[in-house]
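Below are the structure tokens for one structure; questions will follow.
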Amino acid sequence: MTLHPLIQNGYYGQFGGQFIPEMLRRNFVDLEQAFDEAWQDPTFQSEYRALLRDFVGRPTPLQRADRWSERCGVQVLFKREDLAHTGAHKINNAIGQVLLARRMGKRHIIAETGAGQHGVATATACAWAGMPCTVFMGAEDMERQKPNVDRMRLLGAEVRAARTGSQTLKDATNEAMRYWIAHPQDTHYVIGSAVGPHPYPMMVAEFHGIIGEETRTACREANLTPTHLVACLGGGSNALGLFLPYLEEEVELVGIEAGGQGVDSGRTAATLEKGSPGILHGAKTMILQDSEGQIEEAHSISAGLDYPGIGPLHAHLASTGRLRTSAVNDEDALQAGLLCTRTEGILPALETAHALAWTLRADWTGDEVVILNLSGRGDKDLMSYTHTSHPHD
Amino acid sequence: MTLHPLIQNGYYGQFGGQFIPEMLRRNFVDLEQAFDEAWQDPTFQSEYRALLRDFVGRPTPLQRADRWSERCGVQVLFKREDLAHTGAHKINNAIGQVLLARRMGKRHIIAETGAGQHGVATATACAWAGMPCTVFMGAEDMERQKPNVDRMRLLGAEVRAARTGSQTLKDATNEAMRYWIAHPQDTHYVIGSAVGPHPYPMMVAEFHGIIGEETRTACREANLTPTHLVACLGGGSNALGLFLPYLEEEVELVGIEAGGQGVDSGRTAATLEKGSPGILHGAKTMILQDSEGQIEEAHSISAGLDYPGIGPLHAHLASTGRLRTSAVNDEDALQAGLLCTRTEGILPALETAHALAWTLRADWTGDEVVILNLSGRGDKDLMSYTHTSHPHD
Amino acid sequence: MIDVQPFRASDNGVHLSIFLTAGYPDLETCGAVLDILATHPAVAFVELGMPFSDPLADGPTIQRASEVALAQGTTLDDVFALASRFRSACAKPLMLMGYCNPVYRRGVETFAAEAQSAGATGLILPDLPYESHHRDFKPGLEAAGLSMAFLVSPTSTPDSVSEAFDTSSAFVYGVANVGLTGDAQSMDRNAFFSELQHHREQCPLVAGFGLSTPADVASLAGLADGAIIGSAFLRAIAHAEGDPAHPDATVQRALDFLAPFLPPS
Amino acid sequence: MIDVQPFRASDNGVHLSIFLTAGYPDLETCGAVLDILATHPAVAFVELGMPFSDPLADGPTIQRASEVALAQGTTLDDVFALASRFRSACAKPLMLMGYCNPVYRRGVETFAAEAQSAGATGLILPDLPYESHHRDFKPGLEAAGLSMAFLVSPTSTPDSVSEAFDTSSAFVYGVANVGLTGDAQSMDRNAFFSELQHHREQCPLVAGFGLSTPADVASLAGLADGAIIGSAFLRAIAHAEGDPAHPDATVQRALDFLAPFLPPS
């Protein structure tokens, strides 16, 4: 399974491309070639698959969510990425890229992280592979997500504070790129979502394609034909991982953005809904920007969705109508996350909670079969949830 | 697979029994019967198995731990219970007992918890089943393990502080028993380890037997014959779950106790090593007690091993020499946990870290095949680890 | 064969029995209170609690009393010394009440011999199962001439009830409450005790758990031979947390508590 | 066809070019500094940085300068006004340097027309790929008569090097350092620039990134047509964080920085 039919010269429709400085061009040429070769190499595939099984704990279940279904009035199944090692889908990509980097002879891994989930996943993959790892993280995010900083350090990673701009994910990404520009030869940059210059969006999607592939297998075994695939959209990796094997099929693809305090509040991360085409982090995509083309700060209660861009593949799929999108606000996401915890016994990541909230408010006839990508666990979000459920504690 | 051959009148050799007040006797008669029936009922089994698969995420992997093996000079495989829903093996038992309680028509679940892992597992199972849940937890432990208290509350459980004695696990167990004595009819008490009056030790072991069963299957597929099964011993549930299908086989069973600050320091939880036969929480077993028969406080850096008793089945297996035991001190466990994090990319629970430490110091010829029960993840232990690795932070 | 007569009530009378934790509020004061119980005309017999670190069948008051006693270092030897003091002051039955482990740890035979020579009448061990009793405890206890009281509760099966009356050699302890000692949850006490009446000939029946007032005791007339008051008595003699105990004041509080239980003169 | 002559060095000479972020340290002071650059005999041409929120190819100094400029509300219109001011003071080439997105957002044609009428000579957009240049940018820029400078770096493939010289219409920007602007990491600069010599006839070659001293510039003699100093200049004119800028003091610091680059008289 590859996305190649969609790709033309590094573009996905009008979006994508490689808006990168010359100092990195060779890296991208090498990366594209190395990924294509590896992806077709049965040895690489079997090593990757074995790791997904034995280290990551795949396949993850496709679980009937009975109480959730009842509440929505439609059949809902959860794809349990929260059960993957380190607690989210992120590890599928991290382990894949680290394997690839090793194959390419790279000796140092860098990554950016927002909430720390991708940082932890990458640090984990690097610990496993015995490769040094440097994770860039906004200084502000390091304060807010201290436990994940500790986890990365215990895993042997160096965590570097990004002190520019808003000191969050966007700036950590800039810092990682800068470091890579300064150390292009021995270093591989593990981007954490389906964003950035080609081939990253495609490669990250492929590494997450296992989510959709397992979903297909489980559906076949259960004799189910999904009508809707629903996922939250940060950069878009968990969504695309689920959608990938279904792109050509008759099934509705639904991506849920973070509305923040409201899509029109000025404090939102609903990039597809409120953004416009532009160039960020090396790709042409939909971005939140002002009239001067300066990137605006995104806002979401969920650090993993708090990004002013979106994967260029998603921008393309949304522009063609293949991907349906909607936005869910902070408060609704929190409430949906709490409800899922109380009624299903699953504490979902706040990112995931956005997608959950949408299934509660969507208009269902009752005949649909809805698969929701439960992209991660919410242990990291305990404080936000606790504060909401007992505001006076 | 059942333990019946070992059981005589509720005793396992000299240990076990039902040292319970009359007010609970009928509950135990009912429970024993209900469990025996359910366990033989294909409907119950298939419901339980389906939940383990779809909700808990089983089977968990049996992973070759390459760097660990190299360091030990022997082949080591990790049974990845850390990947089970809620982060430890505890959920196998919690979900099993909650299913059983529902079948028995019980309408309220109670549980005790130390570090909070079993409390979270039980609260999770209850959220799934829509049953009210009350978790008893030492007031002291509630302070130390605040995040798990928050998780239980978000899952809809009531957490009640045990304010007697040392205000830890032992006292929470007393409180749970007391509550049950006061509400014997509608309530089921989900004990969290293979301890307590018969049939609990056996029943909890059976619910965890899936660990050993999956291990057997994975070994068969990989054409491996284990020579050693290693697990940490708190109450003994993860150990017995792994050992259960191997009791009659030629394989060494190794249980690692928490040495605390040293088995002779007076601050230890090495019950089998330093304890003597006695009666605690309804069973005759090995316990830490003074010359007056008062129960002593256990000490371990790991809250899940910090218990002055041990499962009576383990006392029996140790007394007959079938179970080999050893103790690992706080500091060695911490260091082994940190090493596993850095070299394998798995942050193990501090409980598990005790078993890991033992594999590092054991005398291996190199021909052994060692299966280590990686009973849980160490996110909950982040502070202890961080403090150790950066004591001056 | 041990004499159950002292536990039997005449006609519609109900013996009052008081439970006191050994070493509570402190060893000295406890002794002074025991002296009162020994001589007080309202008190027919006494249960002396052997403090245990993990008293899982006790409610918060008795639990707390155990904790206080243990914190002050109360030992089994102290329990026996208190028993001797009681025995030297009266002939009322004295039951030692506690949990299996301290007895088991001391060694049942040693324990029984010491208890007997201290003047104890018998034992109540709520967590002792019948099979362990028969195998591990009974021989030693019988050799020392100590009796046993087993519990029946509203949740007991008919078999358990029969077993309790068959096995108890002092009295059968009828749990007057579904719940713990001192737990105030209500239940149909009358119905439960009525059903036990046909066993009373075999062995006296004494009610306990959740009783506190003279009215509680009186309400058992015709239903039980005795009524045990524990938590309410401990609460009555408790002094303010943190204050040192004043034996005289405590003794006075004990007397005040007992006064309403005297038959109207 | 755009005139590359102003960028070409005579014989072994090396043109000095200064990079300055528009709006740094503030709009007024920046204008005053630009006036100096316009008239200073050591300066052959100038890069005016268009501040961008996410300047991922810049080192910390230029990054910080962008942040300061944006925080004070510097806009593209301000950039163009500064360019006009420069153009009205001299005929030296003026390159606008920045990132694709602000240009793309303004619309390439609009941007090009505005830049041209403000007197800009050309553009440097480190994140612009050739294919997008040819498709989206080149037509508009050529129509407005604006030139382009593309980058080559020590990691560039031979194909990329050829493409840079083929496509650049002002000069080729040779990255004198594997690393970011202002990054001091050393490399074999000579070897890299030597290999590029056979392209110089096609298009002038200007070195940048990591250069700061007159010696750095002099060392490029025979290897490059020019040398761009950015971070070092910005650091030189920076005033203490938090202090208000004093245009006169800043101008003096700029003059002090430039003085050593004057040929010995």
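Letters A, B, C and D mark the chains in the order given here, with residues in each chain numbered from 1 onward.
Rule of thumb we're sticking to: a contact is a pair of C-beta atoms (placed from the backbone, for glycine too) under 8 Å apart; a residue touches a chain by one contact, two chains touch by 3 or more.
The model shown is predicted, which means the values in this text are computed figures rather than measured ones.
Any chain that touches chain C and also touches chain D would be listed here, but there is none.
Listed by label, the chains that touch chain A and also chain B number zero.
Using the mean of the Cα atoms as each chain's centre, the chain most removed from chain B is D. A straight line joining the Cα centres of chain A and chain C is 66 Å long. Taking the mean of the C-alpha atoms as each chain's centre, chain A and chain D sit 37 Å apart. Annotation for chain C: no residues touch 2 or more other chains. With chains as nodes and touching pairs as edges, the resulting graph is an open line. Inter-chain contacts occur between A-B, A-D, B-C.
Of all residues in chain B, those touching chain C in their complex are 9-10, 17-27, 29, 164-165, 170-171, 173-174, 177-178, 181-185, 276-282, 284, 287, 289, 291-295. Of all the residues in chain A, the ones that touch chain B in their complex are 53-55, 57, 60-64, 67, 80, 82-85, 123-128, 130, 147, 150-151, 153-156, 338, 341-347, 379, 382, 385-386, 389-390. Only residues 52-60, 63-64, 67, 70, 75-76, 99-106, 126-129, 131-132, 150-153, 155-157, 160, 164, 175, 178-180, 183, 185 of chain D touch chain A when the two sit together in their complex.
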